[in-house]
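In what comes next, chain A is part of two complexes: it sits with chain B in the first one and with chain C in the second one.
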Partner chain A sequence: MLGKGDYDRMKEQTSSRLFLSRFRKKGNLKGVQQTNWIRFCGFLALVLLLPILVNESFYLTKATFAGIYSIIAIGLALLMGYAGQISLGQAAFYGVGSYATAILTTTYGWSPWLSLLISILLPALLAFIMGYTMSRLSGYYLAMATLAFGIIVHVLLLEWREVTKGASGFYGIPSMSLFGYTLSQGVSYYYFVWGIVSLVVMLSLNIVHSHVGRVLRSIHDSEIASSSVGVETGKYKMQIFILSAMLAGLAGWLFAHMSYSISPSSFSLDASIIFLTMVVLGGSGSIWGAVGGAIFITFISVVVHNLGEQFTFITSDFEQVIYGLILVCVIIFIPHGLSALLYRRSKGSY
Partner chain B sequence: MMKKRFLLIFVLSVFLFIAACSSKEENSGQGNKKASEYVIGAIYSKTGPNSPLGEPEWNATQLIVDKINAEGGINGVPIRLILADDESNQEKATQEMNRLVHDEQALVVLGSSGSGESLAMKGIAMQNQVPMISAGASVHIIDPVQESKWVFKTPHSDVHAVQRIYEYLNKQGINRIGTLTDSNSFGTSGLEQLEKLASKYDIEITEKESYNTQDPDMSAQLTRIKSSGAQAVVVWGTNPGPAVIASNMKKLNMAIPMIGSHGIANQNFINLAKDAAEGVVIPTGKLLFPEQIPKDDAQYEVITSFHKAYVEKYGNEPTNFGAYGHDNIMLVIEALRSGATDRESIRDFLENKVKNWVGATGMFTFSPDDHNGLTSDSMVMAVVKDGKWTLLEN
Partner chain C sequence: MLLEVRNVTKKFGGVVANKDVSFSIEQGQIVGLIGPNGAGKSTMFNMVSAVFPPTIGEIVFEGKNIEKLPNYEVSRLGIARTFQNIKIFKNMTVIENVMVGLHIHTRSSMLSAAFFSPRTRKEEQILYETAMEYLKFVGLEGLYDQMSSSLPLGALRLLELARALATKPKLLLLDEIAAGLNHKETKEMARLIQQIKEKGITVFVVEHDMDLVMRICDKIIVLDQGSKIAEGTPKEIQNNEDVISAYLGADIEEKAGEGA
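Our next item is the complex of A and B:
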């Protein structure tokens, strides 16, 4: 049996070795890498292009959902890939953001733009309180705590009937208007959502390539090593946790004003796990990976849907099986996710 | 070099954006052709937690459309039915609704089975002015009616079931009840109506308890109800919860009667609860026992022929949910037959022309103030006798 001290020492040694090996490889100083704007513009072009290539409403709705999920996945990728923390309660922040704006705009008649503030700040506050009490937790314990939080919020949405209207859902949410133009489901909401995704991507890339990003990565590699060189690990972990909650809240706001009604079933543990799958699939250390993961998961459901129309024996249950299969394959064959695979192909080395 | 490429991509994307705008305009010009077929969309929850509801609705819809098309369609025009499964999932319902409304240009959309999914669809129906007939239970789907111009629903609302139960209790001389309701949307919406109507029927609720659908034992709640001095237990939920409650009541030797909801109007409840089911009373639609409906009943003809055709084709009972599926599609066919062949006129037909229309669920009379169109008369009381649901004579 190894004592705790031994284990920590081993961890430190491996991490410092990792750290050094990263420097030894030429041209791979990810920390000081600048944002690849060409890639970003390519992404923008694709976003603008899609509604021309496919003008079926079904695919546009799917794509809009993919955008909303991308925002949550980006937050989770920052938390998992850069700060090394796992959250199983992302759907709860998503739900809080969603219900906050639904209640404020419907029951109290606020403008959706004003309630956006609350949709972002309320999850941030919850994350702050949670982070404050759980700052000493890490690894599995943090995952368990966020899991519990997710379940508590779900039960609250179900049972606090005076406010949330219970299991049948909150309905009558007004749609949004921008410069006098009503944003409704379809092309306009697609561009709105993906416009926000682009902003979030830009923001996240800047964080990743800044001082904060480098600190976070050092925490991910070894918390002990980074705290021993004077990094306030707790502070950074907390900040990134709050940011991921804010992004989930923003996604919730987008979702609520896209739909006429929302119900607690959209914010259950299943949703949290799907978000996690997106991040793992895309590669948790990458912003692009998170977006790719969200798109890929949506793509699978489209494929299953289309196959289901051809062959009656293919039902929606196939989706779950395929998700599971892909996840297992990813973990075995490409543990760093799809983005790592693509990166390796294009650069010749990881 | 990099700047040049950036510029190129930028110009390209602007160009594509403009192209996107123009191609959208072209699209909206289409779709005004003379109908060679009537496109009807239907979204039911064939899979997922609502599948016991969605499956019979799905089957009934398919059955009727097949029959109509075999007979040569409506005035020679065939129906193209597009069935979609929302997997009891609100996001999927939204996506399918968008597909049916925009891509398939459906004249009318039926569904969905659950209230949450129906509400999600309602938003799209209202925005795009497409008539929609839901099979969801919640009264909120069509309430307030001023904000539900395009939305109708055919299932009994909880309010009808509660009225029926309270009338029955009044007749039995019972005025103190305990409620035990599921915490899902069906149970909470039932409880809401039970509380709301209690004073009108002079009934006192002595104890309110709830449970979760999959709970294995409800003895604790029942003991509390027993000690509160209730003369009957009203249970609001779908299987398997109420079956567990029936067994628990038998074990606890509770002599007071158990009153269920229309959520357990199926043979499955009796199979689960076995002999503990004996004596349980529920309000239900008449399709539960077509052979027991008196011949002079206005619905006799509709119910027997639909039941016979359904059992012949699928080999199982249509249940009350099959009746919702039947009525939804039949209302649309009725509208098409009368010459209402676009979205606007179908809606107007439903609201103004459907008077005392005989369906499998009941007699419908829609009006600008009522998009459900049923009264509590369309429900009857049933009791479990010798392991079978039996019509309770008034």
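Our next item is the complex of A and C:
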């Protein structure tokens, strides 16, 4: 039982908290989701240190891939966690970005820096068209449309041989240079990719923790309440979808110039499902979860590769089985992903 | 006239939820919309707040036809609402909920947010402080950093009210704001609604609590089976024969039907 004194004490505590709140430093918005910059610095330190710890080129290439996948996963995590939509066609945007730069730089001799624009804007345009025709992006329509889009793009890459060179893949993509320094597979490309990942993480965290991010979360919670306070819910969902397509395009650009050759098999439906697995594993709506999921899935492919060297019965198809298992286990045991496990204590802070 | 509803009919398939309803609301009043369950009150509210359009008829707000506008535009014109079955943003803190309510007064885009521009930062600070003012107005300032999912019903109703007020409406629609509140909380709510009126905001309420309606309303509109059967001051309504028979009759049937 609460006595009268308890009530008074409770009241006092509340009012003293309010009293103190007046002296809070300006800019410290308690009770509002904010970016944990210490975590970000820790992440930067890890990124910087890794090549010193691991200098075998195979692992470094895999780490670079993890970075490229992180960028796609972040876009998809924003789409799934903030706009509440599922895309089964991220690999297609990734492929469009990749082939756009491959064709422009190799066939037409453009500078990779110029084709970067096209690699980002073309997926954005496609996302805009797709989002616009389904004006309000509700329910599972986007998932179905992106699924179809992914298949169409994959077929196009395979069959439009004059331009894409078909199933055998596109060869001879030039590597790029930055300030006269050639970026090639290895340490330099690793730093280049992870530098961009860091930038993407930073910008995404800013969006997520801004008014725009808050509005997006509100749409996810209750679309009708959100529009009743004047939020153009369709517009925001569209913006996030376009952003996710742009990020996938950027990843495609990075991938093309890292590899001498690209082939349609990297951009199939399988790849889209793997990106989805990364996000589900990390926890949709969590930027760090997306990066973690991308790293974890890449790590598994490395493990399978190493096991395959010792046991001949383990082929790369084994990866698909493991990804499937992970997806099932995550949905059953940790439906909110790894990030939810880690953040259970600090509720509400991402 | 702030709001005029002209000959509005709403059909859902074969069901006629509202039949040829007309009424008007003057600036600065508190107007009540009452009637037995199924009278079409919520349907009318949803049309005024543009959740869905009427089948026939016009809704005019400040001389402008709003019946075909999407609801985010209607809220920008100055109509805000609360919901009967509370629709709060559960995964946000109390103050974040109110900050979303301030959305139409913000200008920062996704791009400026991404680069965390000084303008965005300043705007965030202003949003925070303004939201705190609204929380103080409804008396929830002590809970500002709590997750809204952890609040009791009374506080949730107040939070929804604060969020609606944050849009700075000219017309505030309250859909059964006192439902589920105890006697003391209802009294407090009545006081708040009076204060909102004093700020110059016109209030339109759907309410089952007759005490509350009779105490605060300047005018009452009565619906029964989709049609308007009476309109007038609380006194007039209390003495209206049609209202008494329709309302009480329906009420008795309803109670027998629900077994409540």
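Note that in this section the second predicted complex is superposed on the first by the 304 of 350 C-alpha atoms of A that agree within 3 Å, B and C clash if a C-alpha of one lies under 4 Å from a C-alpha of the other, contacts with A are read in each partner's own complex, and residues count from 1 in each chain.
Quick note on the criterion: a contact is a pair of C-beta atoms (placed from the backbone, for glycine too) under 8 Å apart; a residue touches a chain by one contact, two chains touch by 3 or more.
Note that the coordinates shown come from a computational prediction; the quantities given were computed from them, not determined experimentally.
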Touching partner for A:44 - first (chain B), second (chain C), both, neither: first
First (chain B), second (chain C), both or neither touched by A:277: neither
Touched partner set for A:186, first chain B, second chain C, both or neither: first
Touched partner set for A:231, first chain B, second chain C, both or neither: second
Chain B versus chain C as contact partner of A:146, first or second or both or neither: neither
Touching partner for A:167 - first (chain B), second (chain C), both, neither: first
First, second, both or neither for A:286, with chain B first and chain C second: neither
Partner chain(s) touched by A:218 [first = chain B, second = chain C, both, neither]: second
Chain C-contacting residues of chain A that also contact chain B: none
Chain A contact footprint on chain C (complex, rising order): 49, 51, 70-72, 75-76, 80-81, 83, 87-97, 99-101, 103-104, 106, 108-110, 113-116, 120-121, 123-125, 127-128, 141-142, 144-147, 163-164, 166-167
Contact footprint of chain C on chain A as seen in their complex: 14-15, 17-18, 26-27, 29-33, 203-204, 206-207, 210-215, 217-218, 220-222, 224-233, 239, 243, 347-348
Touching residues on chain A, where the partner in the complex is chain B: 37-38, 41-42, 44-45, 48-49, 51-52, 55-58, 60-62, 65, 158-159, 161, 166-169, 171-173, 175, 184-187, 258-263, 265-266, 315-317
Chain A contact footprint on chain B (complex, rising order): 2, 5-6, 9-10, 12-13, 16-17, 19-20, 23-24, 27, 46-48, 85, 87, 89-92, 94-96, 98-99, 101-103, 115-116, 119-120, 122-124, 126-127, 138, 140, 147, 183-185, 188-189
